[in-house]
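Labels run A, B, C and D following the written order; every chain starts at residue 1.
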Amino acid sequence: MVRTDIRVIYGDTDQMGIAYYANYLRWFEVGRNEFIRASGLRYRDFEERFSLRLPVVEAQVSYRTPARYDDVLTVETTIEDVKRASAKFVYRIVRGGEVVATGHTLHACVDLDGRIRRMPQELLARLGGGGEGAREPAGE
Amino acid sequence: MVRTDIRVIYGDTDQMGIAYYANYLRWFEVGRNEFIRASGLRYRDFEERFSLRLPVVEAQVSYRTPARYDDVLTVETTIEDVKRASAKFVYRIVRGGEVVATGHTLHACVDLDGRIRRMPQELLARLGGGGEGAREPAGE
Amino acid sequence: MVRTDIRVIYGDTDQMGIAYYANYLRWFEVGRNEFIRASGLRYRDFEERFSLRLPVVEAQVSYRTPARYDDVLTVETTIEDVKRASAKFVYRIVRGGEVVATGHTLHACVDLDGRIRRMPQELLARLGGGGEGAREPAGE
Amino acid sequence: MVRTDIRVIYGDTDQMGIAYYANYLRWFEVGRNEFIRASGLRYRDFEERFSLRLPVVEAQVSYRTPARYDDVLTVETTIEDVKRASAKFVYRIVRGGEVVATGHTLHACVDLDGRIRRMPQELLARLGGGGEGAREPAGE
């Protein structure tokens, strides 16, 4: 599991005085980027080295308690399922000991023309076939 | 069911050349606003007349095919479940005859202090207890 | 001058209860897209037909009075200066008879490798050398 | 001068493969927040303790060289002018030794009803009317 901190800015809030619901998907991306980086890759590498991409096929968020301006949130990211041609990331956003939101994103592995591709063995291994970073449960 | 058109701008795209996944939640909001307006209310009324809010408790999106710059998308919004203190909106985003994405949002009805409240009878009636706008199935 | 309507959504607001200042640059883009479309082109054409792009070199916004949730704003866009390798768009955002914001963006004309290029004659003509759409003053 | 780091995410880019121009105003806000925090305040304090706000009256950005996905950018923020009822922040966004963008924002000091107000002496002192906070070099 990989932890990344985020600070809520004014631009993230809405007139209800809380963070707008679409921003959580941006924060999930931040967590995902850092998860991939922690596994020894960068998302950039997917595109540059492997000529692959991981577009989002599904996203889901459960909003438990509002995030507010200037809060420091921690995105806890893990990977739950790495299959031949897809990967599922699981997220928990916490503020101190409190769970602010949970959710997941499901990604397909496609080539630059958008065709479904198997993930290269190196990716599978790094993302969760055997890496330590990935094996921990999400703890939800 | 209520239809609203949206045009994808450059700022909605990412370097994959497709609309970034968080923007769909913004588009769902656009559809939701217009659904509520079509029922004879405005979301503003929730706040001003009823001193209520409908914060999002859960959101889910299935991305079927990418949306691209300058596409005109139609958000088809319906309401599936209006309960005493919650409402579920269902969305389908289409481009011509093609389904781009589907999803839903679940909302709680809360007062200005964030406490769960029953929806006033007028809201229930307008949002789906008996209004024509709301009764049609989503057609998914 | 080309007019385009925009409706402010919840996601555009911040906890001050007004539209967040960065969104105005998105709305300027909407106006710019429609200005270019009205001249018989689409911004897409720059990229696809001419292999050119118009990245923003400078942007400026004067915020006169706040825009609020559910407001319908009109972006009035005109082009002030079309030079060999640059173009300046001027914007006025109004709500009814009231000016909400004014501003401009300055764009360079570059090829796909980012090198400054002359605008093709057709573009110059369409964008303001002689097109009707472009000749009107901004009316400020 | 206060320095804050930002990492460009996928959601910040557009199909040109570079950071979308409106995001720079978000990054200016991040710099501004940290500048104010470094002066011993938080922007929150304006609202909570002083019942004041600092809405943006003008914003300007010069884009020098594109920012790209996964770049770590540093926002260098300073305050140039603190007057009785306004403040001007100046920003420079750099990547390593290279200047990516520069710009400024001008803010009015208003009360919760939107009326122009003098800044309290404490604010003036802290923000730079005589305080060290603004005149000092980065000193973080």
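Here is the rule we go by: contacts are C-beta pairs under 8 Å (C-beta built on N, C-alpha and C of every residue); 3 or more make two chains touch, one makes a residue touch a chain.
From a predicted model like this one, the values you see are computed outputs, not experimental measurements.
Q: If you check the contacts of chain B and chain C, which chains show up for both?
A: A, D
Q: Starting at chain B, find the fewest moves between touching chains needed to arrive at chain D.
A: Between chain B and chain D, the shortest chain-hopping route counts 1.
Q: How many angstrom between the C-alpha centroids of chain C and chain A?
A: From the centre of chain A to the centre of chain C is 34 Å.
Q: On a C-alpha centroid basis, what's the spacing between chain C and chain D, in Å?
A: 25
Q: How many angstrom lie between the CA centroids of chain A and chain D, rounded to a whole number?
A: Each chain's C-alpha centroid was found; their separation is 28 Å.
Q: Two or more other chains touching the same residue: where does that happen in chain B?
A: 10-11, 16, 18, 22, 25-26, 29, 69
Q: Show me the residue ranges of chain A that touch chain D in the complex, using the header's touch definition.
A: 7, 9-11, 25-26, 29-30, 33, 42-44, 69-70
Q: Enumerate the contact residues on chain C facing chain A in the complex.
A: Going by the criterion above, the answer is residues 10-11, 13-18, 20, 22, 69.
Q: For chain A, which residues count as touching chain B in their complex?
A: 16, 18, 21-23, 25-26, 29, 53, 55-63, 66, 105, 114
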